[in-house]
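Take a look at the structures below.
Two complexes follow with subunit A in common, the first pairing it with subunit B and the second with subunit C.
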Partner chain A sequence: MKLKKRIIQYEAERVVGFADEIRNVPGCEELRSCIQCGTCSGVCPLSTYMDYSPRQIIGMVQSGFKDKALRSHTIWLCASCYSCAVECPRKIRITDIMYELKQRAIQERIYPRRFPIPILAQEFNKMAQTHGRVTENVLAAIMFLKSTWWTAFGMWRLGLGLMRRGRFPLHLESIKRKDELNRMLKTLDKVTIDMLHDERGKGEPARGGGR
Partner chain B sequence: MTTYSYFPGCSLKGSGRAYEESLLPVLRALDVELEELDDWNCCGATAYMAVDEVRACVIASRNLALAEKLSHKELLAPCNACYLVLNKTQHYMKESPSVQGAIQKALKAGGLTCKGTQPVRHPLDVIVNTIGLDAIRKRVRRPLTGLKVAPYYGCQIVRPYATFDDQYNPTTMDRLLEALGCTVVPFPLKTRCCGGSLTGTLPEPGLHCSYLILKEALRRQADVIATVCPLCQFNLDSYHDKIAGKWGAVRIPTVYMTQLMGLAFNMNERELGLYRGFIPMKPLPASKPAE
Partner chain C sequence: MDNRDSQEIRIGFYICHCGSNIAAMVDCPAVAKAIGKLAGVVLTRDYKYMCSDPGQELIRKDIAEFKLNRVVVASCSPLLHEKTFRGAVEAGGLNPFYFHMVNIREHDAWVHTDKAEATEKACALSRAAIRRVAKHKALEVKRVSVHPDVLVVGGGIAGIHAAMTIANAGRKVYLVEREPSIGGHMAKFDKTFPTLDCAACILTPKMSEAGSHPNITLMTYSEVAKMDGYVGNYTVTIKRKPRYIKEDVCTGCQECIANCVYKEPKFRDEFNEGLGKRKPVYIPFPQATPQVVAIDSRTCLNFKGGVLTDMCKKSCVAACGEKQAIDFTQQEILQEVKVGAIIIATGFQPFDAARIPQYGYGRYPNVYTALEIERLVNASGPTSGHVIMRDGTEPKSIGIIHCVGSRDQKTNRWCSKVCCMYSLKLAHLLKEHTGAEIYNFYIDMRTPGKGYEEFYDKLLEEGVHFIRGRVGEVTDWAASPEEEGKLVVRVEDTLAGYVRRIPFDMVVLATGLEPKSDAQDVRRLFNMSCGSEGFFLERHPKLAPVSTFSDGIYIAGCCQGPRDIPDTVAQAGAAAAEVLVLVDKGYIEQEPNTAFILDEECCGCKSCIPLCPYTAITFDATRKKAVINEALCKGCGTCVAACPSGSIVQNLFEDDEIFSEIEGVLAHD
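Let's turn to the complex of A and B:
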């Protein structure tokens, strides 16, 4: 008989207050009411590829296993299809919790190394911020160069095909009134830093850090 | 003649330009004009949400503010992801005082204002529920009789907000396609995830999602898949080589619903951007143009 793999969690790994921190984020309020029914894992089209199912992730967050949740592949595999969120009997917005966990993982830099998704998210962010618009093919190129550049070689055929069909813009899209957007974002920085001090000031520093 | 404000989004200017190329003439034929927002910016999409949700909402709110400046009643967003992000921003503005506060402060710094109450609508909703199927039927010059279509809606048009249809089994596009004369095949995967941006980042799970949808469409003997989102179209159409290498060939064309409408309206195939797809549609079964 095959032995079933069990995950052992130690009390010492818990970060007290992590669940409350997440619960304070808009959209994540209902976290505590999860009954671990597993509906989310059942409907999730990507759960078979995940290292922990959505139900397990919610359970981890609920009980404060911050490090395990932030290091999981699951949060990056979530494609934001919202199937879980509309089916959850407790109306927990699992997708938004996944977003929040991604943000935490990026902030604390503890995502899997050379994992392309956080890099895509960050580069997207940068491009949208500096140009106001996103030129998809340039974005894809930057992303591949920064993470798994060798796979970029496998993509040349796709790029060529897009080019032949006039779907591969060669100039970088940009908005005209960049200063307007920049002023907005600068102001926001001030606002959110104040908010962070209020809401997250009590949070503990990341453990492990690094990769 | 009705005019809507129009937020195209980045994809419709890049890899998804066939969507815009078909959307504009089709709506014009139905007496609807679009006015593109002046200097709109990227909506933020799902990738932005993963970096900073409040920031994503602020970026999206600039577009809502630009739309409110125009005198039109409603804003049209053809990309499912843009459609969701703009709607979600409005929801957050209502629900969360902290997000609302941040948005208002930021907009003020940019010299803009936004109430966040203008309806954001998807073309599918407008075409079927506002323009109406009768007007469509009247405009059809060349019914697509015999063309078997699998309607694929994608996720974010119906989830998490069921703005105009059911969250798992929407039927709006089914009815539209029937009005064009198509045969709609039963398609239970119509709202299953296409893999989203995973197809580019983690091909194995991402492309498998697309593969399942393509395979099901073939199993249902569809000739073509109809989509309403540029990312869905890209995923279902552009990776056939890779998919064939991994799990076997599942070649079937994927086009925009607006392209099928254009065909039924007897518009020029080239002008509808049909040549931009990787898997070409087979010539339509011979049907005489209606008198």
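Let's turn to the complex of A and C:
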């Protein structure tokens, strides 16, 4: 039998400074204080489906195993119920860290292939930006087509029911003055994290920044 | 001895390098050179360690050789070495108060990053001291006598041990306890880790010895209401709550309890953590000291809402018979005692497990706190030592959750230190009593201590399961048939790396230790300080662990921070030793920085009297002048600043001393 999975992680796979990079994002400052107690995994309603528990993801980020963390299904399964953030004895905002990891995974395009959730997230964003509205059935259709399209056939009964009730519009919904929305979004894009940091720096010292 | 006017001022200035502590940031030779140019300075030296024997010897020799009559040392904080250098000056034949110390370490070298500026600051501070010391007068240290009696507040193991130690040394002790019996939390425990000694077996001999000791005056069911005075001479007012029993008459026969009109115990039994019931007339536990019953006026039929009504037929009084120990007319009395020193041993309170709702305490009947389990496994407990749950069954599987209300930033941040060990002990006892499968859920096992790690090994051998992971929630929602009707613990086994759901019959919460809810009141009562957690603050965490910032007041036991019984007893012994040092010496030397009144200038306006925080100022009605009691004066200077006619002067802080110091700081060379 050929062993497929190796458990050892080599130093070369570490991205030194990745933990600090994440820690500098607003909301993720408390990352360093994790004591690996596992409360997050204990309360997470989805931890049973995850490839790595939330605690392990925090551990990976802390040690700088960026690729392993970004490739995990865990960050995409997080339903942002915030149970972990509420229960964490170190007040780590784990959900915010998950969001940051998701963003990075999309930016670097290293999320798991044919996995519906990252595709849904991107398509949702794209549709909202271009039309100002999201048409759910079209979004669902795109998600299925780009990921596991064959599973859509299993849902024919649901689709039929929705159509009968008039819940299956075939045209894309849209807002009226899309140019104004575009202007707003463009302005938002110019706001960088660094600008947010500067803004915070003026008022009170950034949390955890002085360590 | 005042030779200020008769002699010329000859000042010796010494600057200490303190290894590299000062020298790394302050150019010591340059400071010495600059100060040497000042008027009155006949000698300057810089030296590596002024506090060392050769350093002190230097001062002694120079005083003789250069006929110095003032000495200034620029070094560390006066808190650390003022006494040392005053001693050296005295050994050289000078009055020790012709010395002044400059703090150029904590106030300068340690807090600056620019060497030139730090050096300049050291010069300024030293210049101020040179100008000031020229104005110093010779002063004498005064002695104040110390009252030989001692007060111990809190009758737990710490208070009992401290009181016994002092009493055995032949001193009189007042032991004040709030509850009807001494014993504290330790009396509630079943066994003690790691030796599994029965807690009652080792505590009750001490309790009864303390109760019958000729040198100990036991004041149970009492609280300290007020404290006045100062180190060596405290006047403490103790509120003695009415227990409606004459303590000296009651023999502890408990006939009254048997004959109470309530045939069955009906009210919450505090000693058994509410797991059992008691009558309105009760004795907390069989070995209670003193063996005197108490009547709870909130539940007794003869009272209504605490007010005497004489509604009951008083079968207890009839049962007591000839002795007539029951007295329903007892009132709260205030008793005053005079003591020289006080030990505070008011203990802790367990964390309220209901504050963490996801663990279900108070919601699921079979979730228990550790202290409840102590009573449940105890032979004198509500179930006579049988582990029977609130629903009447015996548990087959038990989960013990560690760190409930410890190491948690949402509740208490600190590690409560004892929970790991007492959880191991309870795991052992529960296994012994029930044979159940037992799981411990821990974040980190902390078992430092003599024989503690070996005890952990023993539990591993016994087949108790240990899972590293903080429990997410305890729920009665069943996800599978084997979970029906059980309490399910959802936890990540962080070492194996997967999430588990484990069904249990019983869940035990290892609650942490926290300061008593009235710790702030006690703190104010005795002029102590609290740390950020609310535990009483020791004077120094390492070198003065039982002293407080109030002289003559010492702390012992869990009121200072979570600790186990061996540490508590050791600390109580240490506090007793400190008290004996004070009391046996018989006097204390008082810093002569007290204030005094210039009689001819005092106009008798009385504005200083209400301002004095130590009630040291009184009014002499015949002469119409204020009078300061030197023994009470702490030298805070409040009256000096407030006196409208400027007729109050404080030794070591006279106006010309302070003004020359200010001039010195501001002067430019």
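Couple of notes before you dig in:
One rule holds for everything that comes next: the second predicted complex is superposed on the first by the 182 of 211 C-alpha atoms of A that agree within 3 Å, B and C clash if a C-alpha of one lies under 4 Å from a C-alpha of the other, contacts with A are read in each partner's own complex, and residues count from 1 in each chain.
Assume a residue touches a chain if its C-beta (ideal position, glycine included) is under 8 Å from a C-beta of that chain, and two chains touch if they have at least 3 such contacts.
No experiment lies behind these values; they were computed from the predicted model shown.
Superimposing the complexes on subunit A yields a three-chain arrangement in which subunit B and subunit C fit side by side. When both complexes are overlaid on chain A, the residue A:L181 reaches subunit B alone and has no touch with subunit C.
In the superposition on chain A, A:E100 makes contact with subunit B only, not with subunit C. When the two complexes are superposed, the chain touching more residues of subunit A, out of subunit B and subunit C, is B.
When the shared chain is aligned, no partner comes close enough to touch A:P112: not subunit B, not subunit C.
In the superposed model, A:Y82 makes contact with subunit B only, not with subunit C.
When both complexes are overlaid on chain A, the residue A:C37 reaches subunit C alone and has no touch with subunit B.
Within the superposed three-chain model, A:G159 lies out of touch with both subunit B and subunit C [touch as defined at top].
Measuring only between alpha carbons, the smallest separation of subunit B from subunit C in this overlay is 7 Å.
Against subunit B, the residues of subunit A that register as touching in their complex are 25-27, 45-46, 49, 76-77, 79-83, 85-86, 93, 95-96, 99-100, 102-103, 106, 116-118, 120-122, 124-125, 128, 132-137, 140, 143, 151, 157-158, 161-162, 165-169, 173, 175-177, 180-181, 183-188, 191-192, 195.
Of all residues in subunit B, only 10-11, 13-18, 39-42, 44-55, 58-59, 62, 92, 95-96, 98-99, 101-102, 105-112, 155-156, 159-160, 162, 167, 192-193, 195-198, 200-206, 208-209, 238-239, 241, 275-278 touch subunit A in the complex they form.
Only residues 358, 403, 407-410, 443-444, 468-473, 490-494, 497-499 of subunit C touch subunit A when the two sit together in their complex. By the touch rule above, subunit A contacts subunit C in their complex via residues 35-44, 47-48, 53, 55-56, 87, 89-91.
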